[in-house]
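Order of writing sets the labels: A, B and C. Residues in every chain begin at 1.
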């Protein structure tokens, strides 16, 4: 696509020193850095204006104390690992259940139009229910304990997995099915070589959504219906009116999910779709090997 | 009468990379056209004809030399027909013609309707371009160009993207409208037969942007592509292009 | 049997098949609803008990109460108002950002990462921000909606500008159209489909974030009422409010937005729109 501006004027950077500084800032890393710096500056400004809001320094100091188990003053000591691990356990359990049930549901909905008509509206309603509602309901159902967060994760994440898997199944064109039938390919082989690889990419997209939504859900659920964990600890500081603690835990919460997404999920998704990229790659190598022979 | 004059117009494009040379698209082109004439620039790709048209319309500017249009000293009104229709898809056909008009809505609408009738699309005024065929859209483009009452009408290979039958029909329609409205037309094409069929003066251009030949065509209107006289002239001009290829080796490429 | 009779018979057979397939389709949908409510009823009466899961009838009655007492209209309009105000702010700020991103390489590089990050921040963050800044307020939910929708608007406007057909701009220049003319007749109509897509995409996110913020930090609106029911330990109340609210939101998405889109873009001709 033509990269010059839509109105036909290409604003070239001036060749002098100012231009080069501008170039540094507009490069990828420069822009990213500027964005984070700008964000921190805005945060600090907001903290100055709004009396209740804690600034970046107190928040990060808090996080450090909390993680290292230091003293917050008085008898309050930093607690991190015990809550984090508990939450991770609940989250993982709920997630696994969500993926399995969601995938099964998705395959059902995607393959048979009858099930699609039957379940689609219900699925829409479940997709639309905000995580907070599940947090409320599970707390009322299960009381304070581990079950509420686990079930919340399951209920918030499963619909997203189902929708994506259904899309994946529907993406397999009828041509391929007909071809398989024409060649008399047995169902087990079809499952392994046709259905699963095609669906995998969508499955991973669904899992990625499920993780992001589910992580939200577990936090909210623990806020209302748990006695320990990330959500509970966040509420602990909020109820104590110690906003730097409250914001600090939210920051921990966000950093975890952003890192998880960038470092783990995206590479996995690329791996899952490698058959698509490999196809393009192999045709290139075939061409070059033919040219050189 | 209006006079369009090209004086030593040259256009050089800077080199794309360090190793290339700058591209001389137009090389000291000079000619004049006056009044109710239909002038066609013909030549192979790379001969600079479209660039010359861009310079005339004001979209581009010459590296040296000048293009001047003398008529009452005012800036000329220009009508332009592109290769593709370039209609605003979110406006009706009529609104597309109103878009380019500077007059009040009532007058402009009346005028627009007149020109749409002239191209045979009078009853399609309220449709969207998406509902018309390619040929019809191009006709709207032609109506639009005429509707601004231009002092100068520029056309850049307007029929090259249409099928042969539609194109021929539009060529005949164009001749009729031109004879009726008495406009000055500068037409660009690579199709020699089209040039001979439509114009009363053909300027052959060579790669490198030079004028190779300037030929008057005296045949009476209306002309058809199937006319014998047209075919004869076309053969003559193609012959001269052979001469040009022999003289200028670079004419073989591009 | 003549050719005509045979052709007529076949045509009628095809009509029947189409009718039956349609009937099956709607039948399945109906069955879906019926079984959903049926299973709910069974769970409530025989498995879990009406305290934990009230049966559909009880909830239906409660929903009726909420509507007839005027409470629904009052709180729903409060929530919806906040959503649309937030949207308005998002459009006001996001459109110029998107405009500059689409026009100039420099601004695109500058804004690209902040907008991308802002768009991937979980909604809960914005809810918390709004909460901390405004406490219990009207402005909190509005800010949350504005923050979460703005990246969508900016990105979509930027794409719209980049996608503006340069040929149309060139044509406008040749015909000596003024910049204002070009803005009004070429740029804005080009951007509109994209801006609208941005609104549609972020609508679902926006009202969820608004509800979340409202639950924690508002003194009115549906979220507030839901929290109140939770504190009263009324599953009936929570479910009644939620179902009413979601029902309306889905209706708005399915009918108002889709119809609006169809009207705004009728020049595009018949389009295929994908739901879910």
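The rule is short, and it goes like this: a contact is a pair of C-beta atoms (placed from the backbone, for glycine too) under 8 Å apart; a residue touches a chain by one contact, two chains touch by 3 or more.
What you see is a predicted model; the values in this text were computed from it and never measured.
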| item | value |
| --- | --- |
| Chain whose averaged C-alpha position falls nearest the assembly-wide average | C |
| Taking each chain's C-alpha mean as its centre, the one farthest from chain B | A |
| Separation of chain A from chain C, taking each centre as the mean of its C-alpha atoms, in whole Å | 20 |
| Euclidean distance of C-alpha centroids - chain A vs chain B, Å | 56 |
| Euclidean distance of C-alpha centroids - chain B vs chain C, Å | 49 |
| Of all residues in chain C, the ones touching two or more other chains | 170, 173 |
| Shared interface positions of chain A, touching two or more other chains | none |
| Touching residues on chain A, where the partner in the complex is chain C | 1-3, 5-8, 10-11, 13, 22, 25-28, 31-32, 34-35, 38-39, 46, 50, 52-54, 113-114, 117-125, 127-133, 136-137, 139-141, 163, 212, 215-216, 219-220, 224, 243, 246-247, 250, 253-254, 257-258, 261 |
| Residues of chain C defined as touching chain B within the complex | 167-168, 170-171, 173-177, 181, 185-186, 189, 265-269 |
| Chain A-facing residues of chain C, complex | 24-26, 28-29, 31-33, 35-36, 48, 52-53, 102-106, 109-110, 112-114, 117, 120-125, 128, 132-133, 135, 161-164, 166, 169-170, 173, 204, 208, 211-212, 215, 223, 226, 230, 233, 235, 238-239, 242, 246, 249-250, 276 |
| Complex contacts: residues of chain B adjacent to chain C | 57-59, 78-80, 82, 84, 86, 88-91, 99-100, 128-131, 148, 154 |
